[in-house]
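The two complexes that follow have subunit A in common; it is paired with subunit B in the first and with subunit C in the second.
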Partner chain A sequence: MLLSSLRLLLLTPILSAAGATSRLPTHRTASTTEQDAFYESLTLRPLPDGRLSVLFEFTTYFGSPASSSSSSISSPIPQSHHSLTPPALLLPLEQNNVSELTISFSTGWDQARTGISGSGHYETSGGGGEVRGWLYENQDDQDVSSGRTVEDRWGAVTHALGGLFCAGLGPTEAGENVRTFGENYPPVRGDTDNITHFLLSHPEAQLCTENLTPFLSLLPSKGQSGLSALLAQPGIIFAWASQAEGIEVIMPTASHHGRWQGWWEGIVDLRTLNGKGSGKRDFSIEKIFRKSVPRPFPEAGGSVIRLISDGAVVAEPSGSREVEERIDGILETVLEWDVLDERTLIGSDIAFRWDEDRFRHPRTITPPGLTTSRTIIDRLASDGTLRIAISNNDEIDREAVYSEIWPWWVKGWMSEVEVEVDDAKRPDLLESVSYNPSIPPRVSTTTTHFQLRLPAKSTVVLKIPFTKLTIKYTEHRPDAERGVELSSGVLTLLDLDVDQDSKGERSHRHDGDDEHVMSRSRSRNPLKSGRRRIYTNRILLDVPTPDFSMPYNVIIMSSTVMAVFFGLMQGSLTRKWGWVQIQPGADSTEAGAGAEAKDNGSLKEYGGVVVGSE
Partner chain B sequence: MLSRLRRRTAGPRPDPQGVNFTSEHLTAAKTLARRKQVINAIWVRIPILSLWSGGALEDIADNSLYFRFVLALVGIIWLLAIPYEGLWKRTYVDEHALQPSQVTMYFDWAEVHKADRYLDTLEKIVNGTFDERTAFLQESFSISGLATSNTSTSTYAHIRPPRSKGTETILVSANWVSRDGTPNLRGIATLLALGDFLQGQNHWASDLVLVVGEGYVEGLEGFMREYHNLFPGVIWTGLNIDYPGHSFSHLGMFYEGVNGRLPNQDIVNAASNVARYAGGVLPRLHDVVDEPPAGFGSPLVQNYLLGAKHLLHHFAFMATGRGSAAHGVLARHRIDALTLYASPAEGPHGFHTLGRTIESTLRSMNNLLERLHASYFFYLLPRPDQFIPVGHYLPAAVLLGASLTIGGFDCPSPLEGLGYILPAFAVAAVAWIVGLHPIFLAPVPLAILPRPQGQAHTSAKSLTLLFYGALIPTLAMVNFPQAVVLALISLLYLTLPKYLALAILAIQPGLILALAQGYWGLDLQKDWLAVGNLTWPGVYAVWLPLWMISVVLL
Partner chain C sequence: MDGIRIPPILKSHAGVLAAGTVLRLALFITAPALCDVLQRRPELSTPLTSFRSLKEGVFIYERDTNPYEGGVFYHSPLHLAFFTYLVPISSSLLTVFLWAAGDILGSLGLVNIWSQRRRTMGGQTDRSAIVTALYLFNPYTLLTCLARSTTALDNALLIHAISSAASGKPGRLLSATVLLAISTHTSFYPILLLPAFAIIFSQLRPLTSSTTSAAVTVSGFALSSVGLAGLAYGLAGDAWVAQTFGTIINVWDLTPNVGMWWYFFTEMFDHFRSFFLGVFQLHHLIYVAPLCLRLSDDPLVSMLVMVGVISTWKSYPALGDMALWAGLLSCFPEIVSNLRHPLFTLTVHLYTSILLPLLHSLWLLTGTGNANFFYAATMVYGLNASLAVVDVLGAGLRLQVKRETTKALSLLDDVAGREPDFKVIDEIWDKKGWSVVQFTGQLE
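== the complex of A and B ==
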């Protein structure tokens, strides 16, 4: 049941050969260009709580089918010519026969306060770092002869890219790789033959300043020009909230172009931007970035600044075109400024204003269609219960799979999993469970997938009791008393209307048909959303930890000494020592000398054996 | 001493004629003889142990009595020596991550002004209903830009700083009722001002949850019971604000939690350090004036008396297992927490000092990468900047416990003895189940329980001594003052001469509890029901059986 429904998703071509995503400013197909192409965009989205989401996206198409195949045939020496693509990124992928790869780092996203179910870029994973991808199975003669398994190649590519991102992305042990999430992250090309999925979650990882420089170095503009010049300011970027960074690479095949996309997102608090007391949330490019609109990157095929707004924001100068786009299932109006076309923008500023005297923080914020929260209740040193609350605020029932990744020492009591709505048990909502336990003693992960039906306008609570198994002394991390972060849970939506991708809804307002667009403005259809996955928060799990401090060492040291000498002390205190007379002839070697011994009432003769006790 | 032992003759010389000994035999013989002498020397000098060395059985009672008396005496002397400065050490901050008083503080007069504005409204609604009060609090938090809601007995706000991962949380609370019993309006005003002040600051690594609880502890306890349904973050540390007066002269550190659980000493040390050096206000322990009493001659005596005064306050909270202020309920949830109590005075400090102290303390807590640990949970604080490490006070309780245990070694018939002890525990258990106040158990030992005679009497008494002797040092590790009180009660009940003991046993535990409730308002039963203070069940499980057995054994 679970597998079949996921399969439906999997087999749906998510991205056509054209490879265009909804976010791309221009429609591009593989047939139109032979060469590599680069597009960039900056999307600004005001959030209801007085903050602003700032999302940079950089997309490069590369490796046209014809040229890549011809070059490998024409020359016996492998050649790699790169114009817009970063060799540091693509070579390890090529070497290790990777089909698709996604790396993302993110810090938490407050669903309740932003009115959005997650990060602005749909491929951003849950909290911490994550690397996932599809690798070709061993077909290559070279791989088979060198004895490199697909797991080895996965290790090699994650370690290589970990170095690139200054973060330990690779598995410390092979068992940390998660192999059961392929159906949560179906391949973009939709073809699962001969490819296998890997996922590695690093919930403890942080997006940090060291991640920005490598990210910029992958871009053709290197942070020198174009929109990336706005991003290349660590002092500003890292003061933002809810950061997310990611890259997604889809390698070219004989028939398809390759594509790699990088994104960076942050949340700017507009109230502090204007001074806390001012009560204003007006902003401008210069206010946010302390830079005017930079000159475009000469090789860029598109360079667009976008504003997603419900019309309350007034922009000066106003954007050149308005497009309609479905974002999280809501048909939004997007105002666009094409920097390539409008040369007058360069070096100037774009200001955004609200028509309001004073911003008043809303008492309640309309929640997005689906929100999740995950907490641990019944906390004990050895046990706990994961409580996952999934709120469906829409008017329709939803189908979804909720997935968890646990370290080996978290043992879920799968027979005691409960599903509740309003404190009433609803086992009927749990349609199937897939449980892949870890296999001790090898370090491995446990993964679980729960297929759930989420009734309209209700909160489904999934309770999973678990026990923490004892961790070996050497398995504790440094700062052991901190506990261990659990990866975000993933809610994968099964019922999305993927055939009608958001780009199908797209229309340009200046093409006419204003009335039609206005009537559909902000219409909401939760099924027509590109967001396939909603992530829960990370969680810090307390681990029963021995005290690794100095007194503890003293205690174990002295306990050891006591244990070692216990026998001696016990013997000394409870036994009485003396001489035992051995009867002559009792032992052949001693017998001759055994002789008559004088016994003066106490035992003090020397026999062969001198130990006695009472 | 060893060399002297070695030179001694080890028994009669072996006879070379009779035995074909080798040099190995000779060495073994010497070793054995030496060991025998050493052990004999010890056995002779410790009368109680002579049981195994073949001493006469009837001597044991006398010897053990003598030995027990010495142990108890040393224990009591040790106990009395605890306030002596020689056993103290200067406090220090053990967890280097805390870095107290090392940050620039931003809480300033603008925030003080806001707190004053909040205070104006709070004074108007202090006698309102819960709905009115929570509506105002939520409105204020919401205007500050915080997510806010309420439980049935508390109002809370959630600060999510930009850089926080949301996996850890620091709790800051202020309750409507101060520990004085007066409204804690300025504490709540400080909390509201903090909410506005902290929102949007981006140097925090933890989330912060602000809680305004109804009543003195009820609201906070109610909130903590629901916390894990509401928030994912683990709480390591907490701070409770109690500011009943209009100004204050000192900041009192109330640190004892429910059931005698103390916060990690680093919390107390860091908060004191911050108050002194960042806030500019002198810290106090509880509300005890930290000045040596005049007119007692030498500073040694003065410091002894001052230390004893501090420790007596501490013992009063600990022995009854009550939290010294509202933060006490957090102890049960494994949160290292502290109440900052603004000692009411004519001045000179107010919102400014308190706000800066809280800000800096929270920044210290925010620095933590892991839970506070490092065996820093067992301590006594005789003065604000002095502490007594566990090794310096624990032996007192161990000695008292040992003096009881040794008395129980003479147990000729354990099973028979058990038959006289268990009924007392059973009666107490029944009383607990039916909810009978201890005072109604007064006639039980005289009316119901059987009185052992002869060997059974000796055995029952020995078993009682063994049980309580084992219990006291164990309890001392968790709650030293409670263990000392139990040790003293046990000694009075079980070891005094008959008529003296009778006089003491006549004061029934229930009577003492009723008097304590009448005079000091010490309602242990209410504490047990409201915040889970285990002293009340402890009375039934430990004290009442002891009293009944002692009466029976008279």
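== the complex of A and C ==
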């Protein structure tokens, strides 16, 4: 294979570079020589409303992409070696001293219809696009001497990746960066020394065809083989309802492997697969993708099709493995087909059936443990109140932080924030507030974090009144009358009982041991969920707009009023004042003619009228 | 037309004061919903004076955070400290009494100014009840008070500064300059009245020389301003300068108000912004010297016109500023009687008081109109206020001509050394069929 031969060629320089740098620990040398590993999986999850969540995950473990980040920068010839990892993705990260980076695009998630708190991949953010990551503080002398701040490096990496994803990911102005979300997105490595968190939210961003091609090109299989061949069909993928795409890169350190993971999720309406009127939701790989199970990617360490069973679905052929896995705190039965082990599957199909005549939409869908909803109440166009309802459907109290990001012209009234349960005020539930106001008129963001206690079996309502400030007509986005999206609110759970290391690595089959088969004593334990964050919907906010066609008119009219005032004042102050005599009984029209001459020392003649002047 | 007979007690000064107080307290206590609605009205409070912003700032300040370091807080640090430590803003009863007291004190100051005018302008009938009533029952004053806008308190401060200056006693110099400095600190534009203050004190006879007393006034003002700035620095660091004075000068906050600035600078092209900011700000400044020179014989009138210019053209005006000007105007009956079009001014004010809330709600509340609606209303208001200021200036100049001509022609064989009553002069001029006019020729 082409790729494997390439790797052999590239191995030598890695070894020599590692040997040359004597300060590298010895186990590091061992790890760089170790093969990079690639795993892919396709997770199918029937949803209670007759739809199916399809989630592709592609995970690559890699050593240091270069001998070490510091030596590659100081070396006159940059040395980078990639076997399975895409240089387009890793080079900008390496050169800008990034520790971890996550990019996510999503069209949002419907908690009520799916009965699940959020998207299948836990790192998917709320609606729109989002880039977040941890950057190392300036340590290199070169960064300090070249005047590149950590903010500059963040701008550079987001712009570079924005180009890669055909989307404007970078900040248009530095003030758009959010730096107070580090607690919401703790680093995977767990060590917050010398690293800074950045987040950029683009709630207006849409996931589109242009995002799929670069995503596939980042994968070692390029959409040509393996499970990615199923994904490389924009005509099919983009017919699905809601979509989510993301990548998460964790750069290697001296003691840790690097890892990058890409995921793509879509929601397929199963009833339309079987033709109109059939009412059945049976499906198969071929029905969904119009392709049979593809040949696995030769370099893949694992190529697994997984089905999160709802208990009633029957698979044909049935899976080679059946494992139990906690998803959202619920112990689910997962059927797995490893295409690497079962070569017979290649070119054939896997069918899934329900033993039912037709699908009946359930009258009620059991809600997930925590649901959120966000609306704007108040009918005023200039003011509003965000109403965030967080329902805790579990039997235990929960601890969570609710966070919001606003553009600078949304001014929240912190003194008027209210927390209610069943229309009764409960200020005791709001344990602390962290408020980082923007600095108008500079472009900046306001962030707020509300630490809340969510009592069992109740809905906590958080009300945040806000005012929409008037902004200059040049600061409005194009099509301002449409409104502006507000980023999703984030509910970060504080009381999860999951150890740091297993976070986000649930499809980790690298080490062989299946850590996800936990105790089966309880099938549902909300604290054992790997999902740390639940997102609210995006919200479209009307903005009071000026008349964009008016600048000249307004300048002219206001200036005219000012000129009239100035002219009258100037006239009054500089002109001569005097008096005229109008004969009693004379018509006012004859005032001039009827004026009678008066003679006094201080009087002068003015035309036909005799006037007095001091 | 005497269907309603006003009891004599209500015609007395004390009666009017009591009625004004009772009306305010009654509305505050019985109609808190009305007060809440008024608090949000952009016509009554701007972001720089609104009670809601002040409350938010105090809320943040009480949590050991400096509200000036971010967010939208433009009140003076003096307000911040006052409403944190002296009158807790969360106590609605105390604030009710404070705002009611502010208006009462303001009206007392106006009565002082008027009685001083009476002394210099000659014997007139007692107008203290009318002056008080015109101030306390002016809807602009009343609504500003109910909205708990800090404009009401700033007005009381400025009235007392002017009243101290008008008292004609050199001993009041200190209180006048300190009050003017406080007023400047909280709302900035009163600094433009400083020259008129200096002229007033330089014209007082007992002082050594006019230059010295003017210098004393200016340095007194400067010292107290520095003192206040130092106090503010101690309270809130130095971030407040950019947030308070900086916002007034640079118009960073474009929240709609009744002034001419917000829409102008919303629509302004960025590269012209600094130029027009300069034009708009200097526009206040250019009137100071001509007014002081032209009306140097009566600096209080120049101050009256200047207050009118400020309340019309300041960067964040509210109806409360117009209330201050209307209140001051009631102390100058001789000017009111010489106005050319008082009825026009009054009816247009009535018209705009309907137009402003109506068009504002069309744009920002129901969302059916657009910004031009409210802009049109503020244009009408601004033009009317501008014409009224010109009218007052004209009246002041007409009065000047009348008085000087009367004196020069010895039309009154009254007791020497005593200024004649303006009503007597007006009567003589009416009888003679004389009227004062403005000519096209320039001053020589």
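The rule is simple: the second predicted complex is superposed on the first by the 476 of 614 C-alpha atoms of A that agree within 3 Å, B and C clash if a C-alpha of one lies under 4 Å from a C-alpha of the other, contacts with A are read in each partner's own complex, and residues count from 1 in each chain.
Throughout what follows, a residue touches a chain if its C-beta (ideal position, glycine included) is under 8 Å from a C-beta of that chain, and two chains touch if they have at least 3 such contacts.
Keep in mind the model is a prediction, meaning the values are calculated, not measured.
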{"item": "First (subunit B), second (subunit C), both or neither touched by A:558", "value": "second"}
{"item": "Partner chain in contact with A:113 - subunit B first, subunit C second, else both or neither", "value": "first"}
{"item": "Which of subunit B and subunit C A:347 touches, first, second, both or neither", "value": "neither"}
{"item": "Contacts of A:479 with subunit B and subunit C, given as first, second, both or neither", "value": "first"}
{"item": "Touching partner for A:241 - first (subunit B), second (subunit C), both, neither", "value": "first"}
{"item": "Touching partner for A:298 - first (subunit B), second (subunit C), both, neither", "value": "neither"}
{"item": "First (subunit B), second (subunit C), both or neither touched by A:542", "value": "both"}
{"item": "Touched partner set for A:376, first subunit B, second subunit C, both or neither", "value": "first"}
{"item": "Which of subunit B and subunit C A:87 touches, first, second, both or neither", "value": "neither"}
{"item": "Contact residues of subunit A, present in both the subunit B and the subunit C interface", "value": "379, 542, 545, 547, 551, 572-574, 576-579, 606, 611"}
{"item": "Residue ranges of subunit A touching subunit C (in the complex, touch as defined)", "value": "379-383, 411, 413-416, 435-441, 446, 469-474, 542, 544-547, 550-551, 554-555, 557-558, 561-562, 564-566, 568-569, 571-584, 586, 600, 602, 606, 611-612, 614"}
{"item": "Subunit B-facing residues of subunit A, complex", "value": "49-50, 107-108, 110, 112-113, 127, 206, 239-242, 267, 269, 271-272, 276, 360-363, 373-377, 379, 387, 479-483, 485, 537-540, 542, 545, 547, 549, 551-552, 572-574, 576-579, 590, 592-593, 595-598, 604-607, 610-611"}
{"item": "In the complex, subunit B residues that touch subunit A", "value": "11-12, 14-15, 18-21, 25, 28-29, 32, 35-36, 39, 52, 138-139, 142-145, 147, 160-168, 200, 202, 228-234, 369-375"}
{"item": "Residues on subunit C engaged by subunit A in the complex (per definition of touch)", "value": "40, 52, 55-56, 58-60, 65, 69-72, 252-256, 260, 262-270, 276, 280, 283, 287, 290-291, 294, 309, 312-313, 363-367, 370-372, 375, 379, 382-383, 386-387, 389-390, 393-394, 397-398, 400-402, 404-405, 408-409, 429, 432-444"}
